[in-house]
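In what follows, chain A forms one complex with chain B and a second complex with chain C.
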Partner chain A sequence: MRLHPLTALTAACCAAVMTTAAGSWPLSVAVALAAVLLAARTGVAARVLLAAGVILAPLFLSLLVLHGLFFPEGHTVLAQWGPARVTAEGLGFALELASRTAACVLLLLLFSFTVSVPDLLTALAARRIPPQFSFVLAATLTLVPAMAERLEKIRQAQEARGLVVGRGLLSRLAAARLQAVPLVLGLVEDAGLRAQALDARGFGTTGPRTSYRQLQDPPAQRIFRATALLLAAAAVVLRLSTAWPAAVPT
Partner chain B sequence: MSPQSLTLPDAGSRTGAGTAPGRRRLLEIAGATAIAATYVFLVLTQPVEIANGPASFSALVALGGFLLGAVLLLVAVLPVLPTSTLVLMPVAIVLNVVLGQLMGSTGLPFYLDAIGTVLIAVLAGPAAGAATGVLGSIVWSFFNPTVLPFAAGAALIGFLAGLAARGGLFRRFYLAPVAGFLTGILAGVVSAPIAAFVYGGTAGLGTGAIVSAFRAMGDTLLAAITKQALISDPMDKAIVFTIAALLAYALPRRTTFQFAFVRRFRVLAGKLPADPAA
Partner chain C sequence: MACGGAYVTGDGRAQLGQPAEDGQPAAVTLPAAAARIRSFSFHGDAVEALRDVQLAVLPGTLTAVLGGSGSGKTTLGKLIAGWLRGGHSGVLRGSLALGADRLEFHGGSGDPRINPAAWSGRVGYVPQDAAAMLSSVRSTVAEELAFGLENRGVPRLEMIRQVARIAEQTGLSGLLERDPAELSGGELRRLAVACAAIADPEVLVLDEPLASLDADGASQLRTLVDRLLDAGTAVVLLSQTADALARSAGHWIVLNGGTVTAEGPPAELGNGAALRDAGVVAEGLPAGTPGDLPLAAASTPVLELRGIGFGYGSGETRGARSARGPAGVVPPVALLRDLDLTVRPGEIVAITGPNGTGKSTLLRHFNGLLRPQAGEVRVEGGGIDRIPTGRIAASVGMLFQQPRDQLFERTVLREVGFGLRRLAGAEAAAGRAQEALAAVGLSDAAQAHPAELPSSRQRLLALATVLARRPAVIALDEPTVGLDRHGLERLQHAIAAAAARGAGVVLVTHDLAYARANAQRILALDGGSLREI
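What follows is the complex of A and B.
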């Protein structure tokens, strides 16, 4: 059975919110592992892990250097070189934040790499989300590959006209300008044409709209969504109410 | 019965047709208030927080407040944008990414990931700029979810760029980087709590080293990240505004003067074409 896109979105967001609210690294690691397992089940593990690695690796390194070496609030000093002090509190803080971010990133990437964008847009339109939002979302996601292709063509055309990228900064800036201006000009021109075509088809008018796509939304999934939202809200309220007296200075 | 106009209503009159303008203004104010209140709350509570262990309280407040504000602004602005602006938004969002990469290949140590947002703000005004910032963050989070919490900062950049364009700062070439510098200060300060409380640091190693230096001097995490943002962001935004201005002037005037915002506020230097519709 296919998941309704909103069910997948709710599940990913609520799990991310609950992991953030819980703020305990064993849970975060477990959620991250569960996300990877689910990705493996659906066959997108390689893409999810690659994308997550590119995002998370610099963040992890930065956190490790930052909190591992410099954590003025730490007391348990493990090692010390000049101004840099490795403290247990600092390492714990880095582990806490790194595992939490990893869990949230993996969950949301799992959603975005498994969801079918047309289904998601249909579901959003049925929920009275402004059609403008769906348009921008869909147009951008389809424009990314088209634009990369166009940039490649522009580069080839400019090279045929004698563009040589030199070593100096000025030469590279000039090369960037020679490619950027035709790209922006072409895209803005296209957008103008598209606006006229869309307006001629009633895009700007208000009123009810129909869709030729139909989505199955079984009652079980509706109940699941409501439960997940309630649980996430409860987790947030619990965390806010327990942390409130300590977090607000009096 | 009064004679009905046979032409399509123009963008200005169509905007009032959907929801009441008063409610929309209220949503805008609520969105801006949510962002400002979240920032003030986080700055006031942060000294107690970090010593108390996990920062999940502040993370939840930061995420909730900033995202709520960004979404309220989007709901207020999106339905009133004319189609000519809407079709430009995907272009701007993709430009953010592609031009960011292209400029990255020049080897300059900046992110330059807001060129499209600033360009659309110059051509179509502050509301379009803010909406592009938020939507760009949402769309880009499909590939990199860590940019989603920075939606409010991106909205601020688009909004301030639009205000600068309305105020004529893009008419004089040397004023554009100044406007970018000031925008960078504000945007950096607003985005710092997200970096501090949600991620506990910055994603780059270079920026991480600057934060480490301030931490070594005994600053709190938020203070260290704010100071780092004050070092890198204004420079970055000054360059972004300059590139956006270069692009806006490189486009033919037939294209730029199609935008009502450009014509009405004389955003760009140079004489108005006699008949912009021709």
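What follows is the complex of A and C.
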């Protein structure tokens, strides 16, 4: 069965909210693993993991440094170098945060790499979301592949002019600078022309719009969305009512 | 016809359309559109892009606006179609009229403001880069066609009817479920025309509609233009070539330097001085002198391809995505099969064939951007297997279809000089750079920023970067596209000079007439291999 884009979006967001609310690292890890499994089944695992790595690696590193080494409440000291102490509590906290963030990031990446952009636009248009907003959203979701394709063309054109990209970091950085010039200039120029074309095709008008594409939204999926939203809300309320008093210092 | 107010946004300051004289319904002779442009200049530009240009087009007629690159054709077309607007994009003085509705512009804040969405319902414009016309967020041809109707709130059943009608008219009926990103160049151009024509405009402006189309694509587009004319649409053709389509126009307007230098019926203007001076390319391009060049048949080939086999999607992945050719379609079978090619010093070889047959793919084998799955490529007697493209580039210079991608420096001179010192030594480098710029007529622009040059001069600059390196093999991918007469002459001289110094030149073109006039040998890429024609 094909998922309505809002169903997929709701599922991803609610799962992220509930995982955050639960605040238990085994659950977070399980959710993250489930997201990776789903990504593998839909054939986007490589892209999801690559993007997640780019986002999460620096975050994990900073969590490790901040909480792993300098966790003020930690008292089970595992190792110590001057002011830096590795404590079990600190590591636990870092793991907690890291697994939770990883779960959320993986869920949202899974959604963005599997959603059909035209379906999402149709769904948003049907809910009277301003088309300009939807367009920016769609352009963002499709920007990375479009840019990658363009960069590849530029790289070829420049190599054909005798640009040898070495293996060293400096050589790569220099090449990246040379590639960025035509990339950015090209994107800006295209954006200008595309804006004129969109204007001419009535994109800027404010009146009512219709939709050529039609989306199936079976009742079962509507019920699922309502239930998921309710559960997520319940999870947040539960979390607040149990954790809040304890979290507020007295 | 609705009153002019519908096409103008803003408050009561706007001067609205005036009713036809005597309150009579629009007479048959009333132009579908008329422009009297005293002057137009872009914001921030001291120079006027257009001055003293008048144009009036009658329903069901074809009018050709001819001029070289930078003559102001596109600016004129976009002004008529509301893509460029007085006040919004620049300062316009003059008037624009659609049927009986007329707007006066004085270059002040009280000028009428055109609503582009409503205006485009009466005047459509199709840019030269057809892909720019598309919304880029619709997944099928049918949805792309419907995009403009959706924005106007047309009910769905009516949309389905109109999409079917325009698809029938533009020959897109069989492609409605295809992804627009996977259409061939000709199909994409027809889709762009259809996107403009679906609003049923009285006037349609087509900017270089035949550029880079092969014979099939061009003939389908001609059929489409004929249908639009029969349906009573006034068609304005912007072109720098006096080709068969332009010659079928009833009226020519020749633009040069932003103003009209000649106008009248094609028979009167013929191949006159005004056309020549404006840089308009006469069909049957001026013949080069390939026959006069010495042919060193006995010498060692500069380029040899032996038994080349190649297909996408079967092992070769490096660069494959972006090198799929203009159509962007990944062919299911091998593109090149057991292909042989030998190019000797001083030889000019043209490779022709319809769009999507693998001409660009073949060219990319010369410098290792693509590696053959079978066979061998030898440059100056040595195999290039395992040598990186950046090094092969010292022997093989390549000009791409999109010159902008090749340019990255701050000035034109630095661009040509890039990497020359390492190749030729500090003393020779400066001289070579100047020489290459002179060869393509860009000496006066040495300090300009490459991005600020018009696309035709960017192409010449990219050519200069190739020439300055004096490679043994020069490979040119559709070098004529977008060049006006002056540019073509520069290109011709540069190719002849390179061949005279002993370079082997391979040019890929869909334009058989150009190939005949400028190459010693013409090869057709057919069924994956080359045959002499």
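We take it that the second predicted complex is superposed on the first by the 177 of 250 C-alpha atoms of A that agree within 3 Å, B and C clash if a C-alpha of one lies under 4 Å from a C-alpha of the other, contacts with A are read in each partner's own complex, and residues count from 1 in each chain.
Just so it is clear, contacts are C-beta pairs under 8 Å (C-beta built on N, C-alpha and C of every residue); 3 or more make two chains touch, one makes a residue touch a chain.
What you see is a predicted model, and the numbers here were worked out from it, not measured in a lab.
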Which superposed partner A:Ser62 touches (first chain B, second chain C, both, neither): first
First (chain B), second (chain C), both or neither touched by A:Arg172: first
Which superposed partner A:Cys104 touches (first chain B, second chain C, both, neither): first
Touching partner for A:Phe135 - first (chain B), second (chain C), both, neither: both
Touch count on chain A, higher of chain B and chain C: B
First (chain B), second (chain C), both or neither touched by A:Leu121: second
Which of chain B and chain C A:Phe203 touches, first, second, both or neither: both
A:Ala79 touches, of chain B and chain C: first, second, both or neither? neither
Partner chain(s) touched by A:Val237 [first = chain B, second = chain C, both, neither]: neither
Partner chain in contact with A:Thr20 - chain B first, chain C second, else both or neither: first
Contacts on chain A seen with chain B and repeated with chain C across the two complexes: 135, 139, 179, 181, 185, 190, 194, 198-199, 203-204
Complex contact set, residues of chain A against chain B: 17, 20-24, 51, 55, 58-59, 61-63, 65-67, 69-73, 83-84, 93-94, 96-98, 100-101, 104-105, 108-109, 112, 130, 132-133, 135-137, 139-141, 143-144, 147-148, 151, 169, 172-173, 176-177, 179-181, 183-185, 187-192, 194-195, 198-199, 203-204, 206, 236, 239-240, 243-244, 246-249
Chain A-touching residues of chain B, taken from the complex the two chains share: 8, 14, 17-18, 44-45, 47-61, 63-64, 74-75, 78-79, 81-84, 86-91, 93-95, 97-99, 102-103, 105-107, 119, 135, 138-139, 141-146, 148, 198-205, 207-209, 211-212, 215-216, 218-219, 246-247, 250-252, 255, 258
Chain C - residues contacting chain A, complex: 78, 81-84, 116-117, 119-120, 124-125, 127, 129, 132-139, 142-143, 146-156, 159-160, 163, 195-196, 319, 321-323, 364, 367, 369, 388-391, 393-394, 396-398, 400, 402, 404-408, 418-419, 423, 451, 465-466, 469
Residues of chain A that touch chain C when the two form their complex: 116-118, 121, 125, 131, 135, 138-139, 142, 149-150, 152-154, 156-165, 178-179, 181-182, 185-186, 190, 193-194, 196-205, 207-214
